[in-house]
Structure formats: structure tokens, C-alpha cells
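Per-chain residue numbering starts at 1, and chain names A, B, C, D and E are given in the order in which the chains are listed.
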């Protein structure tokens, strides 16, 4: 017993969880700040949240190239984790920036919102740095549970309730699959540590034909597929994205999705390495299905949020191409793509926040008719994000897709890349449609209600800079992604 | 030669016989105490309020409980037309049965040694010694909530529903306080087995030889935990002054408004059975169980009766709490105190080592 | 200065565009003059290229600039790698030359949102110049796609009544093709890496040295060729062109015809043909067939049009058929003819669109039946129109003759003889539809009262047309100015195509075939 | 003799029941309980396997699953209440403000 | 194993048998005189109004939710408590952090008014 305790003490390495620790503590502290603040006063909480995110970001960056192992190999803060952590931090920061005025407009300025985002981010960071199925699961759940709340945050709006509930039900449902898969993997290998499972498979190669192991692996992956909204497990995405508060939708589509991808990469590339042949086929099919379904259904969407939801499904499909590639370029490509996606998608949602009206959030295509003339700067920014989502140079969307498809082609999946680009071509249509309404039609309204909230504008500017920077001179960040990839 | 513990594998027959005997004794005693606890309560409260209590049935009214029981047996068993019949019938059983089951893990006497066929056997005076006995008791206490919820919902009547909901809220609130308060005990005893806890309370207080005249009962080490647990338990079983769910004057008996006949009697019995269980647990956890100057089971019964008297006494003395006061006390007084107690105990124990 | 000439030339319009954004939006005159000034300065910057005699002696790349751009370890490297040779030289010049004309042509035509219009034009110029000078496939792709965005807005915002349809069609057609090309580009790169060949990022000069197996070449040529064929446009993929041309504003049509379409043919010359010479051999009959079909079909459809602009648009399809046919002849005459025909088409079709624009500005209609007898009312216009018509038909003495003649002759001397025979009918058909439309518009009596008070060309319009006319005759009479600088590069190109052919026919590489046999 | 296989079979059946319940039942609370059944089936699997492979990792996992299930229950119930207060129904078919 | 659980099973059986038996017995021997009025729910002697399944205060839910969370805390505390002395300061600090987190939640609950009644 003494030995065990000694060992446990030695294994604690707070450096390995420092960024998420900072966010958790900040989250809890701000929760108290929130409850002691008068109702409606939330700005200071938002700024404190951003400050803590910056601190966590600095700590993460300082840990670059300095892999920390903690808690007996349950946590591993390596470059991979650091990169994804940064994505989550950026996503959270942008979401917070675009939230405060939005909450005031929606008449629901509640301070708990920000701590919840911080805790979600902390969960995402556990998830990306977890090398133990328990840690991954725990991170996933901390993330999910906070997001359930955030998705249904406006408790007096039925749409929001519904989004929260749907997210909750399907999230919990998928958690069941994930756990069952983990249980079976544990049963076969006798351990929950990712590297130990890999070692076990190495020692017992016939494990990969073990029915229990294969079933476990697939069930676990199913759980992850729900989280990254891969077709046919994507059903929740449009509803939830449409109903949830817009900043949360933006955040959800970037940070948590990136975290789910991170865990998926870690688990598949390390743990299930032996199943590569079978898994690439699965990923292949799912990737094609996901992008096709996302793009095709997005074609006839009128509601912008819903359209972006389907587009985000399609983008998950593109990112999955990196999984199929199963090589360094592919995994680094996913890293880079998720970063790119964070900027472009969150930017697009930030614009939706500005042009939405209070309460009536269902922004349709008609709602942006002629917007480009009445609010030229918004129009330009929105166009940049849309071009990025299309994947056109010189925006980041192009470099991101390039990275991903390069991975696939390097592994010989040329037809997958072809299907990928054909899907991009399909997606052009619905993104262009937004621009058609924005620029090619005469404005019907004067958009007097559109106020450029300063903080939201800052988030848009940051996103624009990010999109252009990653599009024009992406070399250094791509290099970082390469160092972080598997 | 060390005595052999009776197990099913080495001596199946003896084990079975002993088991059945223990169960039978425990049950009969339990039912008797339940029956006469009602009598005792009426008598004692009567005396305290300078009344006589029951006097007519039998000598000094001693047959009163039996008469009550018979009366209830022959009353009409009604199921209101709007009720859900199955759940309605299930509810009282769900309340009573767990409180009976809970006694299965309580040690009610010191070990019994006897020789059979030249082999020395030892029989623990306990129906079964689960190594997580406390958890079992808490689980059973938790099950009781279902009975009340079911009663409230199945009756499909406003008073019953309100009573049931209120009672549930109350029970779970105080279950927390009760559960937390005894954590400090386990920190000292290092076991969840009730028998183990009793054994841990042997010897002089805090192991100091100079204090050998004071037993090492946890009531001395953990007075706060004791108080908290007693109060919380009382509330958990809806005893006055925490009997809001049944509050006759406000909610017309709460969740048992619609009940009659033997089903009502089961609710009634459950309350007293719970009282016994709680007394027994408190005695075990804080007063050294069967240890004391007399035979094991006598010590134990004395402690139980003392607690029963205490409960009745409280009933006679205190007025009923208001609901907000009740919840306030559970959440804002007892819960923090219990948590603080754990922290303080932890620090104290570590410093002591 | 000379070291960075190409970069300065390319990015000057972009800088100008950014500066333009700070000019108040309602100051139309200022916006226009500024844009014009920017485009003129760009033209001046590019002038030294035209007078540099180094192109006469060497067919290689000149004015090279090379900077590392994106370097991601062993994953991939992209470089800023630019340069011009005799082939791209004249296309670059054409671009810088046409742009001031296009801007001048919109002086009064664009009424709404001048700022956006000018910004888009300047952005477009950067894209076009960049695409012509890129020696790195990745860089080329970036510029190639960059051209899409401004053109999309030019058509969509300032176009005619059916502009949305035309803009989206243009965008999606072009983007689909280019996306497939992207896959091809990435594949070539990794093929080069894996085959151990020396690689300098996505530099095409290194890619020229690759021995890509036939199986891969086939698909790659298809990917590249498809993309360029859309842009050219070749026969079955041409349907976006009439829509885009018709709906685009005059400046847009001019640039689209003069420069953007050259992107496709330039792509063939620079990338598809030399990179995949073996596959080229397979495709030549097919492509040549499509070119001839394009020539005849374009001419016939042009004949049927009621709308002048549509007529010009379809004539473009026919003209570019000649270009393609010349290029696929794979000999000096054909190549030179194709190349010069690209310039010619830029000048004459650009001029035709300007002429249509003049008409449209005056009458706000493009229906041929609305006009008639304009010759008497506007003599200067009639003269200019006639010259341009001759140029378009390819009358000797004008530029069109030189190009078409050389292209057809090249084709005739190569394996494409029979194609050339059929293509020749296109020349006759061109005469038919061009002269016919000229006759219907200019001659006869003024039947439509709206044409009674029609004004002749203004000074500005004459200034716009003058340089075009100059080049019509210059190329028509003394094309050697251009050929001198083009020939060395073309020779080198032909050598590249033919060498590779021989090399590949000789070397059989079964190992490589496995690599290419994709999953 | 009862072996680990029996436990696994039992938990698999429970898991299947839970899954089917989630997919077929209409009442949100029942759906929610079915999810809990799934989680508990997983817990059973973990414990059986933990005993089978002879280490405690599985039981530790169960601890976390329980906690998480509790947290999920808390949040889920809160969401259900919020929805019920606005819409007065808990039928899954009435989650139709957004296209399903 | 069975040593420990057989008695429990027997006890459970007996307890339920007792409960069910007494109910059934009383049903058998008790009088049965049904009437519409008698079977209606009690409501202070006036005819019952409306359905009993009304909404009740959201406070009850809050209590339930808080209970779930703290009950799990208790579940975590028990195993820790019996190992407490062996784990020493390490265990104490670890659990201290855990309790600290819950206390924050508790303070939040408190300040938010989830524990207030009226």
C-alpha cells in the first residue's frame, strides 16, 4: 500500500494537466464570481474568462516540444495535445468574444455561460491529452455535459430546449456505445491505457481477429463518430446547431469537434493500429458518405444556421479523409484543418450573430438579401469566410484541404481525393447562394437593426486574419502541425 | 484450536439451521417491538402529557396493539378509482420490506461459541456480515423513498402527491446529511462492515490506557457526527418533528391519505420498523453495538430501547418544523457541518498519527 | 528593379486595389482615374519585358524569382517561383495592355458601386498575371483560382438580367475543373518525391524531367486537360461561355475573352502538354476532333444568333478551336500559329466586345434586328468595326490571317491533315457570319427610329480602339516582332514534348506502374 | 457454473434492450432511462471483465461512469424540465420545432 | 459468496412475503362495500377538482438534482474513508480537492437560491 501511494505521488505530474487545470480552476472561480454578480452584469466575467484562456494558451505554448507524462501514463501533454488544446482555446476565446453582446440582445445575460465554456474547454483538453480510455472518456463527458447545458442555454426558448435535449439524448446514447466499446477493449487487453493496449496487440497479433476486440473497437469508434457528426451518425447536428445559441453552435462546431477528432486519432492510430486495413475501409466509406450527405442536404437549406450545420458535417467528412490516409501528412492535415475550420466557421457564425435579430434567430437566405451593400464590411468578411469554406485560395480553407488531400494522395487514395474535390464542387453551390443573396440581389431592407458589436467585431477580425494568414503564409503553422501530428 | 466459522460449504446443515434461527428470532423480535412500540409511544406520550394512554384492552391496555392490528385487518381495503392499482398496492410493501431487510446486516450480539461433533464452531450474532454492510443499509434506506414516491403518484390525489413529493425531497436531503456524517466514522474504523465497526470500538478510548474506563465508542470521538446522524435519520424516516409528509393537519396524512386497512397499517409499521433500524444502526455505529456490561444482545437491546425512548420523547417535546426550515436545516446546516466534520476528522487523524 | 520586375508587375494591381478601398465610395471620377492609373502603371512596368531581346536568343525562363514560401519538412514545399519565357511573355503583355482599355471602356457604363467594380478588375489582373508567370504548380493554382472570385462578382453584380445564372455557371464549371487539376497537381508532386527525382517544390521545370508512366499520365492529362478544356472552352464544355459573355459587363467580357480564355490554352502549352507528352499523343486525335467540332459548331451557332454579344461569344469558341488545333499539330508552324492566334483573339474579340459595348451603351439593346444602317450615322465606328471584322475573319493583312493560316498550315503538315481540312470550313463560316452581322447592323436604311440620333464614337472611345487597331495591323503585316521572341521558347517546348516521348517509349518501368496502380 | 461469458451475455442483452428502448420509445423519460440501462449494462461488463482479467482498472472505470451518469442525469433532467415547462409534453415526437 | 448472500435473499423473501401476505389476508377477510363516492380521491370532503398530476415547484427538481450530485460524492467518500489512514496525506489532499470542487458547487447552489424555499 505504501508503495502504491508512493508511486501514485511520483506519477502525479501537474505540468501535464496545467492548461486544463488553469481553465478548470478559472471556471470554478468564475462560477462563484458569476453567482455573486448582479444579474445582467456579465462583461467582467467574459473578460476574466478570456484572460484565463490566454494564460492557459501561454502555458500550452510554453510546453511545446516538451512532452509531459502524468498520472501513471493517463495523460500525455505532447505536441499533438498542445496543438489541439490551442485550437480549443482559440475556439473558446472566439466564442466568448462573440457572446456577451449576443446574450444581452437575447435578453439572457447569465454569467454561468462563460465558466461553462471554460469547463468545456478544459474537458476538451483532457480529452486530447488523454492516453487512457478513462481520461478520454472523462474529458469527453466533461465536455459533453457542459455543452448539453450550453446548447439548451436559453431555457425559455423552446427551440433552444429542444436543441439541448436532442444533443443530450443522442450524446448520451453515443456515450453508451463508446463505453461499451471501451469495456470490450479492456476485456480483451486487460488494460485501459492506450499504449498498453497497443503493446498487447503487438504481443498478440491474433487479437485483431478477435471478435470481441473488433466489435469493441468499432463500437468505440461509433461513439466518436457521433461526436464528430460523421454520417450516418450525424442526425443530431443540424437540429442542435440550429437551435443552440449561435456562439455555442460556432464553438461546438470547432473546439469539441476538434477534440473528438484528436481522441479519435489517438485511439485509432495507437490503439487500433493493428486494424488499419479494416479501419481505413470503414473510414473511407464514412468519409465519402459524410461529405456527400452533408453537402447534398445543405444544397436545399434555407436557414443559414442549418446550412452551416450541414456544411460542418461535410467538413468533418473532409477531415476524415486525413484519417483514411493514416499517415503523418493525414494526421497533421487534420490538425491543420481543424485550426483552419475553427477560424472560418466561427467567423461565419459570428457574422450570423450580428445579422440575426433578437429572439428571431432563424436567419434565412432571404434575410441577407443585399446585405453586402448595406453593410459592406460585414459582406466582405462573410465572403471571405464563405470562400474559405468553399476551399478557394488564397484563404485558409484551401490550404487546409490541400493538406488533407495531400495526405490521402500520398497514401494512394486518389479516388477519395477526387470524390473529395467533387464534393467541394457541390458545396460551391450553396455557399455561392449565400453570396448571390448578399450581392446579386437588391437590398430589401436597410438592416438598421444590425449593430456592429465591438467584441464580436474583434472576433470577426481575428477570424479574418486567421483565415488569410493561414491561407497565404501557412508555412510555419503547417510546420507546427507536422511536428504535432502522429 | 481456533473455532471454525460456520459456512455453507463446510457445514451446510448447521449453517442453514443457524441462519433460519437467527432470521426467525430477529423477525419475531422486530415485529414484537414494532407492535409494542406503538403502545409504548401512546403510553409514554400520554404520561408526558399527563394522560393515561390506552388502558382498556387487556391489563393496562397491553393488548391494544393486537386489537389495533386486528381492526386494521378487517377494515375494507380500498383502492381509489383514479389510482393505479398495482403501484398503489406495491407502495406500502416497498416501504416496509426494506426496513425489515436492513436488519439483516446489523450485529445484535457477541459471537456464540458451541461445540458440535468435537469441532468448535463460532456463530456471529448477525444474520449476515456483509463487508459493505453500511452501504447495504443505506441502499435499503434509499429504497424506502420509492415506496413513498409510488404511494404519492399511484394515489392520484393532490394531497398524496404533494405529500409524496415533499417527503421525497426531505428524505433525499437528509439521506445526504446522514450519509456524509458517518463518513467520519469509517475514517476511524477503516471498514464498512458493521461487525467490523463494532469490533473497532472495543478497547479504551482512543487507545489510551489511562482512559480505559471509557469505552472507545465513536460517540466520544465523533459527537458531532453522532448528533448529525441521529437528527438526519429521524428526518429520513419522517419522525416528528420532521413528519411533514404525513403532516395530518396540513396534508391530511400526505402520501397515505388514500390508504386504508392493512396497507395503511404497513405504512404505520414501516415507520416503527425504520425507527428500530435507525436505533440499531446508531447503536452499532456510535455506541459500540453489543459491547457493554451485560450479555451482548442485552446491551444491544438496551441501547435500541434507549434510542426508541428518545425518539418518542422528542416527539412529545418538539413542535413540527416548517418545510422551509426543514430544508434549510438539512442543506444549509447539516450538510456543511458534516463536510466540515470530515475535513476536521481527517486532519486530526493524520496529525495524531 | 529588374530583379523583381515580375513580382512588382503582378502585385502592383493588388496594392492598387487595397489603396483603392480607401477612396470614398461616392467619388466615382477619382475611383476610375485611380484604377486607370494603376493599370497604366502596370502596363509601363511590364513594357521592359516586351523590349528585352533576351527572348530572341534563349527559350528558357527569364526574370526568374525564387523564394521559399511554404516549407513543411518532407511533407511538401511550395515556392514562390516565377519567370517568363517567349510563350508567356506575350500573354503577360496582352494582359497588361488590355486592362487599361477595359477600364476605359467602362467609364460611363458602370453606374453602381464603381469602387467594387474597379477593385475587382485590379484583383483580377493580379490573378491573371500571376497565373501567367508562375513556374510552380501550386502557385499557379492559387492564382488560377484567384481569378475566379473577381470574375464571379463582375458577372454577378454588374452583369445583365440573367447574371446570377451565368455567374454561378461560370464559377462552378471552372472550379470543378480546377479542383480535379488540384488532385493531379498533388499526385505529380508525390510521384516525383517517391520516384526519387530531384524536386524543387512544385516547380514545373523539375516536373518536366519526370518519367511518369503512361497509366498515370493518362489520368493526369485527363485531370489537367479537363480543367483547361473548360477554360478554353472546348466543344462540349463551352456552354458557360455564351452565358458568361452575354451577361458580363463590357469590361468583363473583354477581359474574359482576351485573357481568361487564354488561360486554358496557355495551360495546355505550359502544363498539360509538356508534362504528359505520352498521354498527349493518345488524346491528340480526340482533342483535335473536339477542336474542329468546336470550330464548326461555334461558327454555325454564331450564325443563328440574334444577339450580337452572343454571336461574338460563339465566335470565340470557333477561334479558340483554331488555337487548339494549331497547338496540337506539335510543329513549329502550328505552335506559333496557335500562340499568335491567342494574341489575335485577345485583340480582335476584345475589340468586338468593346464594339458591342459601344452599341449597347447607346441603345441598351444588343438585338441585331434593332440596328441597321448605322454606317451612315457613325462613320468612324463603321470603319473601326469593319477593320475588326476583317481581323476576326482573318483577312490577309490583318492579324487574324497570320494566326489562322499558320495554325491550319501546321495542322495540315502534321497528322491532323484531315482535321485541318474540315477546320478550314470554319474560316469560310466566319466570313459568313461576321460579314452578315456587319451588313445587318451597318448597311441598309435606318429602319429603327431610335437609331436616327445615334452618336458616333467619342474621343475616349477612339482612344480605346486605336491601340487595338494598331496591333491588328502590326501583327498582320509584321508578325516577326512577335515570332522572334516566341520561337526559341517554342522550340524548346517542342523538344521537351518530343524528347519525352522518345524517352518514355524506350524506358519501360514496371516498378513505377505498381506505384501508380492506385488503391 | 456461471462464467464471465454469462455476465457478458447478460450485459449485452441489457445493452440491446437499452438501445432498442432508446430507438423505439416515445416518452422522453423512458428514453432517458433506457440510456441509463445502457450505461449500467456497460458497468456490468466492466465489472465482470475486471474480475476476469484480474485488475481493478475496470472497476475504477465504473466509478467514473457512475459519476458521469449522475452528472448527465442532472443535466438531462434539467433540460427535460425546461422543455416540459415550455411545451407541456415529453413525447419525443413533439421535439419537432426543428426538423428532426 | 453464497454464505453472505443466501441469508439476505431469505430475509428479502420473508420481508416481502410478510408484507404481501398481510395485505392479501386483509383483503380476503376485510369487508367489501364499494361505492362511487368512496372510491373518489379525498379532497377535504368536496368533489375533487382537476387532475392530480399538476406541476409542482421547480424547487423539488433542484433538490433532486443537487442530491444526485452529492450522493455520488458520498459514494466516492466511502471507499476513500476506509482507506483513509493508509493513504495518508496524499489521499487527504486528493479528496480535499474533490470536496473543494463540490463545495464550490454547493456554494453556487446556495447563492443561486436553489436551497431556498419561499
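In the analysis below, contacts are C-beta pairs under 8 Å (C-beta built on N, C-alpha and C of every residue); 3 or more make two chains touch, one makes a residue touch a chain.
Just so you know, these numbers come straight off a predicted model, no measurement behind them.
Once chain C is excluded, the chains joined through touch still make one piece. The chains in contact with chain A as well as with chain D are E.
In terms of the distance between Cα centroids, chain D is separated most widely from C.
The greatest centre-to-centre distance from chain E, using averaged C-alpha positions, is reached by C. Central chain (C-alpha centroid nearest the global protein C-alpha centroid): A.
Which two chains touch most often is answered by the contact tally, and the pair is B-E. Taking the mean of the C-alpha atoms as each chain's centre, chain D and chain E sit 20 Å apart. Centre-to-centre spacing of chain B and chain E amounts to 15 Å, using the average Cα coordinate of each chain.
Mean C-alpha positions place chain C and chain D at a centre distance of 64 Å.
Centre-to-centre separation between chain A and chain B, using Cα means, comes to 52 Å.
In chain D, the residues touching two or more other chains are 71, 78. Residues of chain E in contact with two or more other chains: 64, 71, 88.
Taken pair by pair, the chains that touch are A-C, A-D, A-E, B-E, D-E. Of all residues in chain E, those touching chain B in their complex are 2-8, 10-12, 14-16, 18-20, 22-23, 25-27, 29-33, 36, 38-44, 48, 52-54, 56, 59-60, 63-64, 66-67, 70-71, 74, 77-78, 81-85, 88-89, 92, 95-96, 99, 103, 106, 110, 115-118.
Of all residues in chain E, only 55, 58, 61, 64-65, 68-69, 71-72, 75-76 touch chain D in the complex they form.
Touching chain E in their complex are the following residues of chain A: 1-2, 5, 8-9, 28, 31-32, 35-36.
Interface residues of chain C facing chain A in the complex, by the touch rule stated above, are 69-73, 75-76, 113, 141-142, 145-146, 148-149, 152-153, 156-157, 163-164, 167-168, 171-172, 175-176, 179-180, 182-183, 186-187, 189-190, 219, 518-519. For chain A in complex with chain C, the touching residues are 328-329, 332, 373, 387, 390, 392-394, 398-399, 402-403, 405-406, 409-415, 417-418, 421-422, 424-425, 428-429, 432, 435-436, 439-440, 473-475, 478-479, 481-482.
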